[in-house]
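Chain nomenclature is as follows: A, B, C, D, E and F, assigned in order of appearance, with residue numbering initiated at 1 for each chain independently.
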Amino acid sequence: MELLVVKDRRMDYDGSAIRSHWAYRNFGILGNSLVVFRGRCDVKVGEMIDIEDLRASKEIRSDNMVHYIVEVFDLVNTLFASTLQKLFIAKLCEVLGDYGVKTTRKGDDIYVNGRKLSISIATVSPVSVKVHIGINVEAKGIPEGVDAVGLRELGITDVEDFMERTGRTLVEEFEKVKKDSLKVRWAQ
Amino acid sequence: MELLVVKDRRMDYDGSAIRSHWAYRNFGILGNSLVVFRGRCDVKVGEMIDIEDLRASKEIRSDNMVHYIVEVFDLVNTLFASTLQKLFIAKLCEVLGDYGVKTTRKGDDIYVNGRKLSISIATVSPVSVKVHIGINVEAKGIPEGVDAVGLRELGITDVEDFMERTGRTLVEEFEKVKKDSLKVRWAQ
Amino acid sequence: MELLVVKDRRMDYDGSAIRSHWAYRNFGILGNSLVVFRGRCDVKVGEMIDIEDLRASKEIRSDNMVHYIVEVFDLVNTLFASTLQKLFIAKLCEVLGDYGVKTTRKGDDIYVNGRKLSISIATVSPVSVKVHIGINVEAKGIPEGVDAVGLRELGITDVEDFMERTGRTLVEEFEKVKKDSLKVRWAQ
Amino acid sequence: MELLVVKDRRMDYDGSAIRSHWAYRNFGILGNSLVVFRGRCDVKVGEMIDIEDLRASKEIRSDNMVHYIVEVFDLVNTLFASTLQKLFIAKLCEVLGDYGVKTTRKGDDIYVNGRKLSISIATVSPVSVKVHIGINVEAKGIPEGVDAVGLRELGITDVEDFMERTGRTLVEEFEKVKKDSLKVRWAQ
Amino acid sequence: MELLVVKDRRMDYDGSAIRSHWAYRNFGILGNSLVVFRGRCDVKVGEMIDIEDLRASKEIRSDNMVHYIVEVFDLVNTLFASTLQKLFIAKLCEVLGDYGVKTTRKGDDIYVNGRKLSISIATVSPVSVKVHIGINVEAKGIPEGVDAVGLRELGITDVEDFMERTGRTLVEEFEKVKKDSLKVRWAQ
Amino acid sequence: MELLVVKDRRMDYDGSAIRSHWAYRNFGILGNSLVVFRGRCDVKVGEMIDIEDLRASKEIRSDNMVHYIVEVFDLVNTLFASTLQKLFIAKLCEVLGDYGVKTTRKGDDIYVNGRKLSISIATVSPVSVKVHIGINVEAKGIPEGVDAVGLRELGITDVEDFMERTGRTLVEEFEKVKKDSLKVRWAQ
């Protein structure tokens, strides 16, 4: 899994990055990839993946987020997509723990003292598994009724360092998962 | 995923429970299952799944462990097996955190202050994904050279309650993963 | 497989219900589902799935039909879709036999005394298997040249009861198929 | 799907024909196949596929049966195996109907007036789907407690003709299923 | 794999033939197919499959080509698509060798004395594997900067015979591949 | 795909290297691999994979061969296995062409002037695709009735160089196949 942390500019997330080969089309990264970038989040209805949100007419917005776009080509399956997503969220919570931030994970949501830090979705394209994770840098521009929190409030102010560190950690987690999948014999 | 917590007796783990349909053959549990039980661990060489361990002639032993045997029939794939295993280990760490125990997860290993609390393996049979996780109740009967720790040393003395609580939590985690996999539309 | 029999209103079938997650989007039913409803049938060319029909410029129309929309997420494969479709058609014939109606099944078509009672299609979306079955309540609004028959002519006048009974029977058939798939060991 | 009806000799079924490539090893039939033969049935415990039967210590025996061994290489999946099995059983019931025999199908079991006519199992090998169906010619040598019936009692005395006719019909059914799976476009 | 060599007319390739069921929609060929035809090549940007080409804003053009459109429904996977494509290209090189033309194959490109003879792409639809191969009849209308060569320059002037011969050879190659896949037992 | 060319010793091939994880068990090579070695060939009946050979009671023997053992974990499917095998054989023929040796490939067999140079088999384990290719160094110890030829007779006397060169070329071919599979968008 190749890592790209985009630091030289802001990029907004409108949902279209969930499409297949987004990392290859935009950055020339072939194969499994994790792209970390920073920018606004405002998912257009036509790009929304979570039908539960669509049914509830939820808005998915935040003014300032760190975004993670994962693409894995090994296996095209929504159950695997959902499992990998939860593992990556759990890993992010472990890293936040290293920062001294105590989190609660509920599936693919991260909470700090009952306030929502993140959004996430996992699905498949016809050729890959895709995951988006967004972590608030600041709790601004959030849909009404959502009690949100951002990294800055939690004392994590060097956002670029956070992007770099979490990016590397998630890639290492995936490589460990992959390696372990290759070293076991099958069972009867 | 059906949960069975075996409380009325001790059962030893010799590695054969990693075979397909073990839960159905022994307990009549059809389909996805998690069986939690307690007993010794002494994996016979013929049942060892981790070829890395086989190559290193490692022993896998402990006198007193809580065992988790997971079987999932939805998808037969070692990368999925390895991902699900790591997620379950991460979840166990989160539960240990609720007990006040600070853990470090390295892939599928749980450490407390540098001491090893657990063993685990994940693989496939021709019809299912299988995961075994073992958590030391006491650090006894461990292979030489392994600096181990057990639940009791960590202050978790009501082992049956721990088995029940972790069992329920892992099943809930899986059900959430499964539910989320069904509510997302595919991406282009 | 969750069953929904829509009795409180008529719903027309224009072919768009064959898309993935139709039951979840419209009724909030997550996972495998069977939705039974009643209404006109007029499949738009852009929604036609059967390329043989498209090539022959066939029309797919009927003024009054019982419709079954099946979605299964376990396995995405057209051969499985086609097999499940034929099994469900065979089951419907068995139920019609219980009503005293003698049918002839030709693949996915049901005939009574040489007259066509039903239409059906089975395919895949990128995340699921989808099947549509339509059974004429009356042989009205049928494309010219098709010698059709409807349930009323066959003496089945309590259409709601028929919808309920067939819906339950098809779900039971699927659950039996699923259960049996889990209780067998693999063969060498 | 190639059909072989073995008429020149009796062959007993001990369960080993459920293994992969049995038709190729024994008759040189490459690819999808249906082999129909006649003989005793006495499944050895080591060859039993149905774990439910194993758990109940059931015997699977009959002195005189028509046997069908199906192998399909297109798709290796137990849910597909179980679906195809039920469709084939339903088709056999339809043919029995043409003989004037009124049957009741319960999943993969055929009953005539509450008496059991058949046995069946469906599973996977690592490379194929395998189905066995056995139909009693006479209700002899049946395990105690099973109220069985045979073809002869039902007035079907030309067993070779029955083997030929059902064999051809099942192959036609499969070819129709396969053809239909290829003529449909995918749905969104 | 059914073969169709279109000789009675010219057909241009604009990229849309890469879509699923193109052979069935246009020629009524059900299942695996190879269609060989002759005509211009001018792939519209909206139909381009190779994202590397898209990123480089490459043009894919030639005034006079023999085209091969392959569709295989057995297995939907891009690694398989890419492997089959290379094998077919290698086979075409072998046939060219029989014509006395010495070629160099680089992946899916055929060169003669450093000049490019062919273009090719392989991908999946949601239901099939699709491959396009184009071989220049004349090196005319080729994008600037590409040093191309055509069959005529190589002394192959009976293009219809070449289409027929290569078509038959590729289908035989596939049938051999398929047959061999069915005659091997699985390994432990 | 990792390459290992074993030069420091002879190793015989008895067929057991076709089993899954052979390269990892014996050389610690994790994941996709190609191991090239030299030694006798004498496949035990219990290890024979080709059922056609088993049915014909063929012997598979040669006193001096270069062996290639391929394992690919990306996709478990016999059609893919058979396709990859043919591509690798075609590539070996291309390399032999570079040596000035004119070959004829028939599926997975290499002939030089009608004499057999090679043997090969491709199959799956439950977790991988496996291919064995053997090329005679000398035509000694070959089963009676087979008109064989070896590399030495063809003027290729630096066998270690041949092993190194073909090994590298096959790995490059696979990497190209893999890369191309990742750079294409899916087709409708």
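Going forward, a contact is a pair of C-beta atoms (placed from the backbone, for glycine too) under 8 Å apart; a residue touches a chain by one contact, two chains touch by 3 or more.
Here the structure is a predicted model, which is why all the values come from computation and not from measurement.
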item: If a chain touches subunit B and subunit F alike, it appears here; value: A, D
item: Any chain that touches subunit F and subunit E; value: A, D
item: Shortest walk length in steps over touching chains, subunit A through to subunit F; value: 1
item: Size of the rotation, in steps of 5 degrees, that lays the CA trace of subunit D over subunit F; value: 120
item: Listed pair (E-F, A-F or D-F) duplicating the B-F contact set, over half by residue number; value: D-F
item: Between subunit A and subunit E, centroid-to-centroid distance (C-alpha), Å; value: 39
item: Euclidean distance of C-alpha centroids - subunit A vs subunit B, Å; value: 26
item: Mean-CA-position distance for subunit D and subunit A (Å); value: 50
item: Distance between chain centroids, defined by C-alpha means - subunit B, subunit C (Å); value: 43
item: Subunit E residues counted as touching two or more neighbouring chains; value: 20-21, 24, 51, 73-74, 78, 124-127, 182-183, 185-186
item: Chains that touch, pairwise; value: A-B, A-C, A-E, A-F, B-C, B-D, B-F, C-D, C-E, D-E, D-F, E-F
item: Subunit B to subunit A touching residues, read off their complex; value: 18-20, 49-52, 74-75, 77-87, 90-91, 93-94, 105, 107-108, 121-126, 130, 173, 176-178, 180-188
item: Touch list for subunit B against partner subunit D, complex; value: 21, 24-25, 28, 73, 126-127
item: Complex interface listing, subunit A residues touching subunit F; value: 20-21, 24, 30-31, 73-74, 125-127, 179, 182-183, 185-186
item: Residue numbers on subunit D that touch subunit B, as the complex places them; value: 51, 54-55, 78, 124-126
